[in-house]
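One chain, chain A, links the two complexes that follow: it is found with chain B in the first and with chain C in the second.
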Partner chain A sequence: MRKKLIPYLLVSPYIIYFLVFVAFPVGFSVYLTFNNWNIISPMEFAGLSNYKRLFNDALFRKAVVNTLIFLVIHIPFQIVIALFLAELLNQKIKFRGFFRAAFFLPVIVSGVVVTILWQQLYGFDTGLLNRVLVKIGFAKIGWLTDPNWAMPSIAVMATWKNVGLYVILFLVGLQTVPPQYYEAAELEGATHLQKFFRITLPIINPTIFMVIVLSTIGGFSLFIEPYVMTGGGPLNSTVSAVLYIYKQGFFYHHMGYAATLGFFFALLILSVVMIQKKFVEKDK
Partner chain B sequence: MKKIILYSVLLIGSITFLYPFVWMLGASFAPENEISNLVFLPSSFTFGSYLQMFEKIPIGKAFINSMIVASTITFGVLVFGSMVGYALSRLEFKGRSLIFYIIIFTMTLPFQITLIPQYILIVKFGWIDSYTGLILPYLMNALAIIMFRQYFKTIPQDLIDAARIDGCGELKIIFRILWPNSIPALVTVGIITFMASWNEVLWPLIVIRDENLMTMPQLVTLFAVGGRAESQLGVKLAAAVILALPIVAAYVFFQKYFIQSMASSGMKE
Partner chain C sequence: MKSIKKILPLFVFALVVSCSSDSQTRDAKIIYWSSNNTEEIEFARYIVEKWNQKNPEEKIMFQPVPEGQSSEEVILAAVVGKTTPDIYSNMWEGDVESYARAGVLVALDTLDGFMDFLHERCDSAVIADVTSPDGHIYQIPWKINPIMLLYNSNAIKEIGFAEPPKTYSDFFNASKKFQRDNDGDGYVDRWFGYAEVLVTWWQRFFDFYPLYLAASNGAPLVKNNKAVFNNEAGVKVFEFLRVMYKRNYFPKERLSARQDVFLDGVIATRFTGPWEISHTEKFKPARFKYDFHPMPVPDNHSGNVYTYGDPKNIVIFKTCLDPPLAWKFLKYALSEENDLKFLEITNQLPHRKNLDTNPKYAGYFAKNSKMKVFAEQAKYVKGTDQSPVLKEVFDLISQEYEACVIYGKKTPREALNDAEKAVNLLFLK
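Up next is the complex of A and B:
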């Protein structure tokens, strides 16, 4: 009897945790979408009004569009740069450890640090980027103050921060390619590009899919960057999904509406990832 | 010739990733009027920015808070993760695969959906402005459980059987027999967990309002956006240096483990 009980005792902390911090919140979040509540006064039944509001909310749409802009820039950059650097590291080189460590450094540092740093690089008058631009004869760019530039600027910064992780993942992928494949292709007279597209790419396809999925989740989780750098501005051009939930929930205390937003963003993330998965599987 | 191009590209790449950090370090020691020069070495070194920062915000207290929170979470994730991982990989019981699927399910669940209700839970439990509020929601981690489950599967059954014959209980088997044989898994899970909770900033922003309980990234964030740095760039950068320092120091020593751990966690997702 006692022996039968032991496995359950071992997993019981997790079961309790799951019920309290996962199952209940998911259920309660659905319940909240039908209510208005500021936590302090009694909850008010709101019917479908939160849903109606969401479908007419220009700022919700803006947050989705902003996230898509972020992803459209971030994902291709991430893949191309990471693959390029991984290819370089995969050559016979000295100091591989040093280069790898250098590329990886931004990955381990807090997003807050990276954000504070890039705020200086992006500065309008004294920022490094604008100084370089002026020096080579171009006009200054409002990296974080021009609504057209602000989100792309954040996307570039996020790429700089994360790309080191994907360099490592691609490097692992590249090292699984059997060298005989390349040797055989060389005998057939294949060019560099042919070897890359015919041999390398199919083998690292799963890694590319992973980069896309992780970057998508990252895009929908964007928070600290706009929070510190722009506050969501200029003209709401950097309002992200999580920043909008945060504002509705913890600034205006609209718990019902914030939960509705969270619920829809979660659905959106899952559907985007599903669609991406479909595409990858079709490719095979 | 080809080699020269290869190394120059690699060098430019590493400068792109390293230069901002080196500049930050130099600028935090520079006199305020020299910071915007973006040079490596200031004409004179000063601790002025650091002294002002220590005066303005309780960064020492925040360091201790972050240490307590991140260590407790890491310890909890290691202990509970290996208990559940052990049960799932080595013990037969009804509902085992159900629990496994639940864990996989929670890994795919976007946090956006649980953020608001989890906050409400913390409010109702009275854990706003407490370590409990910071720690409890992170004490279990699905990825850690899966990693321990995988790793424990590779340990020979003979080892466990021998321990049972010697009269070891299940907890003793986990912590005395499996742990010493699972150092790579412990290091991987430990590093990922500690780093993630050290760098976490959204959750502290939500559950902590008392400045004396704030974690380091939270305090530095509020300092950077709250205008208390009063546009004194040097003070802001000094705060960023202090925030980055512990993790970078650990990284310099355990670089290989950091990279391996992060890579293997990425692989699993």
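Up next is the complex of A and C:
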């Protein structure tokens, strides 16, 4: 009997953790979706009204589209730059350790600090980018004040902040490629590009998938950047889905509706990741 | 075993210390949370110490509101966790109605002598403002920080104006004269004024809302669960600000992360409150002169110029076991004497009538002439309407404000029509 109990005892810390911090919050959130609750008053049963509201909420649709625009810019940009930098940092260059650390530095800097720094770069009148543009004869750009530029600007900043993490992941992937493959290809007269596309890419495919999934999930949770830099403006062009959910929950205390949005959004992320998985696995 | 012997005395000591501090808390009959800025903590400590000396049997324990992202969030968490203090000062007027509806606040008008006290402290307009739709009063008007026009006196003189602009036309003229491209790159880099372009709902307390109150002689935004802001005053304010942005008299860029643009001379005016005085005094360059003036109004405006008073009030939570005692303490804390002390320590205005003419405060205002301007304005301030969905109302107005005023995508009439429809829908839900 005692022997039978020991395994359960050993896994119990995780089970307790899982029940308290995962299962209960998820279950409670689902329950909340059928209720209206402003935290301070008792809950009121709302049936499916929160779901009805979700499908008629034009601003939430815009927030989801904004998030997708962000992902479309951010993910390819991030993968290409991370892979390029990883390829460079995989060569035997001077100060390799320093460069590897330097590219990783923005990852560990607080998101709010990075955002405030980039706000200075993006400033219309005094920002460094516009000063350079004017110096070389171009017109100034409203990086954060023009609705067409605001989300791409945020995507570039987010890429700069996170690229170091993916450089490290790609570096790990690149180091799993057996060197004799390259030697054999060189003997056959393969160019650098051919080696990259025929050997490196297929072998690091699992790493690419991991990077796509991680940056998709990270991208879907876009929050700090628009929250600090633009507050969702101009003209709601940078309202991300998470920012919108946060506003519903913590500005207006529409907890039931915020839970509904969050639940729907989690399903959306899951679907996108499953589709990505299918595509990448097909490529194998 | 040896280590246990070493640790045990420490453990016992910690237990004794924690129990003793707990017994101090239990000694207190009332727990009072003040705001957590240095001056207000100093004031709260002063009145509580004096009270406790005189009333050793009815001790009050004060502590600043615990640290959090905002005091509003801390209070909300305390309400949810049923760990609210007995008294809380610094409650934003706009939050009171939702707490009152949730049944967590004591109806103060049911306390002995409350209405007499209130009539003595405030005029009828303020009493009407703080009365909930259910007819009860859940808050004591405590302090205000009216929003006014801060202006650089030298800059105003430099552009040939004898006094700060009073009307929208004056504002346009002054703006045109002050606007400048300093470095010749074809872009304006000196503007007459600045207001935050962020769409965040409370940013409108520093531009649209005080201007609307000024233009409308203090009219409400919502009344009887209906939007009432779609009127001539609303249109004029939207149009005024729209022109300011369109002609680049206000920048569309956020300047708040830079060095103080007002002290740097990058802007000549700003809509702000009395808290700006201590900051400006501390950091102003040599020979820099500034002053305050009521908010600008439409050209044909007549009557007094109202503004937003940013009122913070005092409430008693229902978790309080002895509301009459809490009320007794508050009557003492809000006496004329203590209001003077509050003025002297915090440089914020107590929300009481005839502040500028009451001889009790004449000495203070003689020494602090800039505060006198705010005391005079204090007769014409409004708080927020009593509505549980006030934040959403401001958010919806702010969305339309951005579309119309900042980006010119809608006319003022279209924007206000859309805001009115959206707000009325909110009340239907």
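We take it that the second predicted complex is superposed on the first by the 270 of 284 C-alpha atoms of A that agree within 3 Å, B and C clash if a C-alpha of one lies under 4 Å from a C-alpha of the other, contacts with A are read in each partner's own complex, and residues count from 1 in each chain.
We adopt the following convention: a residue touches a chain if its C-beta (ideal position, glycine included) is under 8 Å from a C-beta of that chain, and two chains touch if they have at least 3 such contacts.
Worth saying up front: this structure is predicted, and the values here are computed from it rather than measured.
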| item | value |
| --- | --- |
| Side-by-side fit of chain B and chain C on chain A, or clash | clash |
| First, second, both or neither for A:Thr145, with chain B first and chain C second | second |
| Residues of chain A touched, compared between chain B and chain C (which is higher) | B |
| First (chain B), second (chain C), both or neither touched by A:Ser221 | first |
| Partner chain(s) touched by A:Gly231 [first = chain B, second = chain C, both, neither] | both |
| Chain B versus chain C as contact partner of A:Thr159, first or second or both or neither | neither |
| Partner chain in contact with A:Gln120 - chain B first, chain C second, else both or neither | both |
| Touching partner for A:Asn38 - first (chain B), second (chain C), both, neither | second |
| First, second, both or neither for A:Phe265, with chain B first and chain C second | first |
| Chain C region in steric overlap with chain B, selected from 9-17, 63-71 or 387-395 | 63-71 |
| Touching both chain C and chain B, counted on chain A across the two superposed complexes | 39, 116, 120, 123, 126, 231, 250 |
| Contacting residues of chain A [partner chain C, same complex] | 38-41, 116, 119-120, 123-126, 134, 140, 142, 144-145, 147, 230-236, 247, 250-253 |
| Chain B residues within the chain A interface of the complex | 6-7, 9-10, 13-14, 16-18, 20-21, 24, 36, 38, 80, 83-84, 86-88, 91-93, 96, 99, 102-103, 106, 108-121, 123, 136-137, 139-140, 145, 170, 195, 198-199, 201-202, 205-206, 217, 220-221, 224-225, 233, 236-237, 239-240, 243-244, 247-248, 251, 255, 258-259, 262-263, 266-267, 269 |
| Interface residues, chain A side, partner chain B - complex | 4, 6-8, 10-11, 13-15, 17-18, 20-22, 24-26, 28-29, 32, 39, 85, 88-89, 91, 93, 97-113, 115-118, 120-121, 123, 126, 128, 131, 160, 164-165, 168-169, 172, 210, 213-214, 217, 220-221, 223-224, 227-228, 231, 241-242, 245-246, 249-250, 255, 258-259, 261-263, 265-266, 269-270 |
| In the complex, chain C residues that touch chain A | 73, 76, 79-80, 98-99, 101-104, 185, 187-189, 197-201, 251-254, 257-258, 391-392, 395, 399, 402-403, 406-407, 409 |
